[in-house]
Amino acid sequence: MIRLSGVGKTYADGTVAVQAVDLEVAAGELLCLVGPSGCGKSTTLKMINRLIEPTTGRIEIDGRDVTGEDPVKLRRGIGYVIQQVGLFPHQKILTNVMTVPLLSGGSRAAARARALELLELVGLDPATYADRYPHQLSGGQRQRVGVARALAADPPVLLMDEPFGAVDPVVRVRLQDEFRRLQRDLGKTVVLVTHDIDEAVRMGDRVAVFAAGGRLAQHATPAELLARPADDFVADFVGSERGLRRLSVTPVDPALLDPVDGVRIGDLGAAIEVGATLEQALAAMLRSDRGMVAVRRGPVMLGVLTPDGVHRALRASLSPAEDTGSTAPD
Amino acid sequence: MIRLSGVGKTYADGTVAVQAVDLEVAAGELLCLVGPSGCGKSTTLKMINRLIEPTTGRIEIDGRDVTGEDPVKLRRGIGYVIQQVGLFPHQKILTNVMTVPLLSGGSRAAARARALELLELVGLDPATYADRYPHQLSGGQRQRVGVARALAADPPVLLMDEPFGAVDPVVRVRLQDEFRRLQRDLGKTVVLVTHDIDEAVRMGDRVAVFAAGGRLAQHATPAELLARPADDFVADFVGSERGLRRLSVTPVDPALLDPVDGVRIGDLGAAIEVGATLEQALAAMLRSDRGMVAVRRGPVMLGVLTPDGVHRALRASLSPAEDTGSTAPD
Amino acid sequence: MRVLTDAWDYLLAASSWTGDGGMLELLLQQLLLTVTALVLALAVGLPVALGLGHLGRGGFLAVNISNIGRAVPTFALLAVLVTLDWPGYESFGPYGRAGVATLLALTLFALPPIITNGYVAVREVPSDVLEAADGMGMTGAQRFWRVELPLALPLVLSGVRLALVQVWATATIAALVAGPGLGRVITDGFYRSQYGQGIAGALVVAAVALLLELAAAAAERFAARERRDPLGTVSQGLRPAG
Amino acid sequence: AGDDLSEDAANDDDSTPAASAGGPVNISGQNFPEATLVASMYEQLLEDAGYDPTVRLVDSRSVYIETFPGDVDVVPEYVGGIVNELNARKLGDQAEPFTAGDGKELAEQGSDLLEEQGITLLDVSEATDTNAFFVTQEYAEENGVTKLSDLEGTSVVLAAAPDCEGRLDCEGGLVDEYGIDVTKVLPLGFASDQTYQSVLDGESQLGLTSTTDGTLESQGLVVLEDDKAIQPAQNLVPAVSSAFLEEHPDVAEKLNELMAALTTENLTELNGRIAVDREKPEDVAREFLEQEGLL
Amino acid sequence: MRVTVLAAAAPAAEPSCYSRLRNEWFCLDYVTDRREEILDAAGEHLTITVLAVALGVALAVPLALLARRLPRLESTALGLSTGLYTIPSIALFPLLVPFTGLTMTTVVIGLGLYALTVLVRAFLEGLRSVPEDVREAARGLGYGAGRLLVRVELPLALPVVVAGLRVATVSTVALTTVGSLVSYGGLGNLIRDGVTTNFRAELLVASVLCVVIAFALDALLVLGQRALTPWTRAAGGARR
């Protein structure tokens, strides 16, 4: 568990990068930090592993004040993906990824096996890339090596600064999914910085939205954030298309289905499971070009969803009658 | 006009980064290069201004073979935004932006005025940032300075390598719009690399999709690309949500509106112009929470658009009966 | 160009090389002197320079102090050292008369390039790489050995190479205190108006300096090849492009 | 008065380029104390005669000889030094050095070389600065030596200039002429402090110095007599560019007067004042010149 | 003047602290008596050092650039500078004298050549230390080779170049001594004299002044570097 209480950072020239922020990340939770460029996301992240010392406030990990800890030991237990990637230019890709396990005294063979596995995971074929140097990789490839490097030591806590920023959407979605699965399976606590609100909504258990000047504007679940932005800034940041964005977080609601009677089976090109999101439903609808899609739970057909039904579901999800744990700091 | 004929690049270790690519960018056109990470986008871009020499093929700008030209003079006429940003660490932000106009022998005062204007344009308040050094900026701020620097000399041709990759969506959309307007007004010829298919679709006059191994998979207008991907790879890359993505490129079709009769004015919370996209229509619909939105041309009310109408419009835009100039190189 | 033919003759004469006090013996003596002084300077200078570079402080002072040692002409330093009770002019093993004084003077002379380059090299390691190293929990020592030193190595080695060549060329001053080395051939020649011999001696010193330079460069290149692929030139390989 | 003269001379220079007194004169020479002293005497004399002298003293004869005559007009020289230097430069390393013990004779032997180079030697002084060998007073008393031949058959370590080994006026002569067993030559310099120190410390027994060294006595050292005369003449002599002399014949007169006034004894005394009391050479030179009525 | 003569003619019972009989290391009388001579020597020393380093830089830059342009020439350039460094001054200066005479120029040229061995390396290493992405950005923006060098590469190479310059300057301060070979040795004339005549006060004062000059020039270089590289320590800079 990570807890920030009144944490702030003012740079030497007087720039206030972060203003007294209170935040909590439960163990096993993935928190996304989003916000406009320059709002203090990276600064906040680096204060957690003490690459930057806060000017005010206190930071605890599992109840221990980090300022009291040996920074080296602290960081050993925290994976870190740096925004500028920062690969070691003098080491081959494989060696770069093996670095942290070796640091902690692991065996070479184990570190190597793990590194090869992780290179696969981030979509870099070890046969091609393991023996290259960083300058022989493309921008997105380098970034992925950076992610693999941070994952290699299997740290219980991970800090990631725009880990997928330079990667194309196909690979990104794959990485996001893989990473999310890994994180859930292993119960890792993660703080992930992104400027991509879609990524934040898709990946975060909670999302912290920062406003310019390092103010924490809202700290909430993705659904809550989209449904009830704490203020105009958040609403604006989440986007005028936030309704549409909800497509990807709102599940199909059986109550809003049209009855299946009178619909001939031949008219139903595609069918989706009831747990699917509205976005998937709409995509299926467009793919099959039928103006509707069947929704079932296992073998049981529950009804059909029409565009109108999607719209009603969206509207329902935006109505204020929803339970949340949102906090909107002062 | 830029023309690549059979251009290929094989690195010294045998990596084929780009395979015999044919491409044409008309004067005043904005071409987006998209593709998965490592597919040769940056390499292609850098061959145009000869930062990388092609191993095969030839590149012409306005009919002149670039290999015959003095590279310095060539690059003077081409703006360049580098993927790694590459600000001059020893110069203040303002000086960084003033650099190219001064190179070309412009007056200091003019260069300064232009630089200040461009800093405003990219959303960096000169009063705060002009006198800082690059290391005192956040990642996204640095990237924006890189864009301002490339624009400063007002070059007729611009090469941009992921210029907005590290910027948050609000600022990004603003930058994209500003840039698009500028580019159209001034008739600049632009090649823009992005891994973000949304950005490519929103900004490009045409989009070139690269596949792994540096193969040009499709070169088409955004609408054509979404409607008729040349192959499975492109279809996959453009995404399963490509139908939804069309929301942002398909205009509201007056033929698909429901009549306005019987609808009381009070029921119509919002109205949109007929030139708007389906995405904007849907957003307006959700915002006003009425299940429909009015569409008008100036003062004249044309009809109302319902969720069903949106769906029909999307389906229509995906049908094959559309004119295009798509090429799908074998 | 009478002197050049004389020099050539001197170089070709077997008697100039062989025997007691022949150039071959003097050459080996000077080589020993050079290598010893360099090793001493490395033993003292490298830890200081790299350590301070790693800590990122005290560098100005260290460089400055080591520089001061070099500001006093080496021959003056040597002349003073031999008049002192210690080290004096006592013979010291194969280093000959005033061996300790000569080694001391040459070691002081070798320090500045080693310390200056070492310090600057470590300080020039790119900050994003250091941030990554710190961020993954490297201890100071690990960061030093695994990141800073490898990245600093080319510049450090260049300093060592420079020191090697300069010490070799300067070791001829041992002749001033009747020490060993090729300096004798040169001073003898010039003081006796036997310019041919003097120039021959100088030529041998220069030739060996070049050989040392080449050997050092080859060693450096070999080390570099061990560390990185043959495609990336050293400069590209050294710098992150992102 | 001197100032007026030199100005006149400068003004006259254009109209009467030949045979004029005054004008600039470049003096060069080596920069060990005795040479500095004599050069200073030249300078003051010539300045007094209306010249505008510039003095450039260098470490080694091999340097100024490159531009003498030429940029350099006058050099306080030693007969053997200049003649053998020219000889070595002409014949290379194989040159056989001149060894005549008499200054005039040696100057005569070298006249061809001098003429070829365009250098004229003026009058040779009686004062001579040749190699001399010393031991400690203690050693002299214990072993009863006063002259070099007393050392015949004795084993000694010799502290000397680096060029000593094998030379007939140095190690070679000691071995061949005197039959001294020189076991080792330490190249510690000509009359240098290291040489003194080595002998004083007993590292070596015999040391090389010059006949005009004024410091020996104060250090408890004594010179042994060169009773077999192995030294070539090193009398002080002004070496002048022949061309310069032709234009300025009055220089010869001035410098010859000085040569006549100098003796080995008074030179030794003057050297001693510089070396022991550390008086400035120019002060010592002026005082001497005034005393001799040359200024 | 009369006073000096009298003092010399009738030495006081107690010889001065710098006379050979006492020969003390620390002797203020020496400094007061020879003030002018010492100051002249120091001034000359400074002039020669500065000119020689400037000449060295002027020669090293084109050499380094050439070596970088044609990598095959790199070892030749380094070899050349090394070769020059090993020529003893007693052999080098007589070679120069017929052309430049017994002048300060001779010394400055000689020392400038000696400084090359440090400076050529410093420039090569410095240029090599410029980050590749910055160089690429500059080239992409249309910087020609010249401007790239002056506006981007040299400023960024400065820390490494100045490091070399510091070593070169301090070495030259010491090496200026060899100028006594042609009478322009600055403090070297005194040091040489001090060594050969065992004049301790003179030796010490001249050496100390050498150190002072070296220290001052070194400090000046460091200050210059700080002034020229404000980005390395702007407010709130990087972690170190």
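Just so it is clear, A, B, C, D and E label the chains in written order, and each chain counts residues from 1 on its own.
The rule is short, and it goes like this: a residue touches a chain if its C-beta (ideal position, glycine included) is under 8 Å from a C-beta of that chain, and two chains touch if they have at least 3 such contacts.
According to UniProt, the chain labels map to these proteins: A, B = ABC-type quaternary amine transporter; C, E = ABC transporter permease subunit.
The model shown is predicted, which means the values in this text are computed figures rather than measured ones.
Within the contact network of the assembly, the step distance from chain A to chain C comes to 1.
Farthest chain from chain B (centres taken as the mean of C-alpha atoms): D. Across the two candidate interfaces, B-E and C-E, the one carrying more C-beta contacts is C-E. Between the CA-based centres of chain A and chain D the separation comes to 92 Å, rounded to the whole angstrom. The geometric centre of chain B is 57 Å away from that of chain C, both derived from CA atoms.
If you average the Cα atoms of chain B and of chain D, the two centres end up 89 Å apart. The distance from the centre of chain C to the centre of chain D, with each centre set as the mean of the Cα atoms, comes to 39 Å.
Across the assembly, chain A contributes 11, 13, 15, 51, 84, 132, 135-136, 139 as residues in contact with two or more other chains. Among the residues of chain D, those touching two or more other chains are numbered 60, 62, 189, 193. Shown for chain C are the residues in touch with two or more other chains, namely 79, 83, 126-127, 131, 134, 187, 190, 229, 231, 236, 238-242.
In the complex of the two chains, the chain C residues touching chain A come out as 126, 128-129, 131-140, 142, 146-147, 150-151, 227-229, 231-232, 236-242. On the side of chain A, the complex with chain C involves touching residues 46, 49, 51, 71-80, 82, 84-92, 99-100, 103, 131-136, 139, 142, 146, 149-150, 153, 159. Those residues of chain D that touch chain E in the shared complex are 28, 31-33, 56-60, 62-64, 66-67, 71-72, 189, 192-193, 215, 218, 273, 275-280, 283-284, 286-287. Chain C contributes residues 2-3, 5-6, 9-10, 79, 82-83, 89, 97, 175-178, 184, 187-188, 190-197 to its touches with chain D in the complex. Touching chain C in their complex are the following residues of chain E: 75, 78-79, 82-83, 85-88, 90-91, 117-118, 121, 125, 128-133, 136, 159-160, 163-164, 166-167, 170-171, 173-175, 177, 188, 191, 194-195, 198, 203, 207, 210-211, 213-215, 218-219, 222, 238-240.
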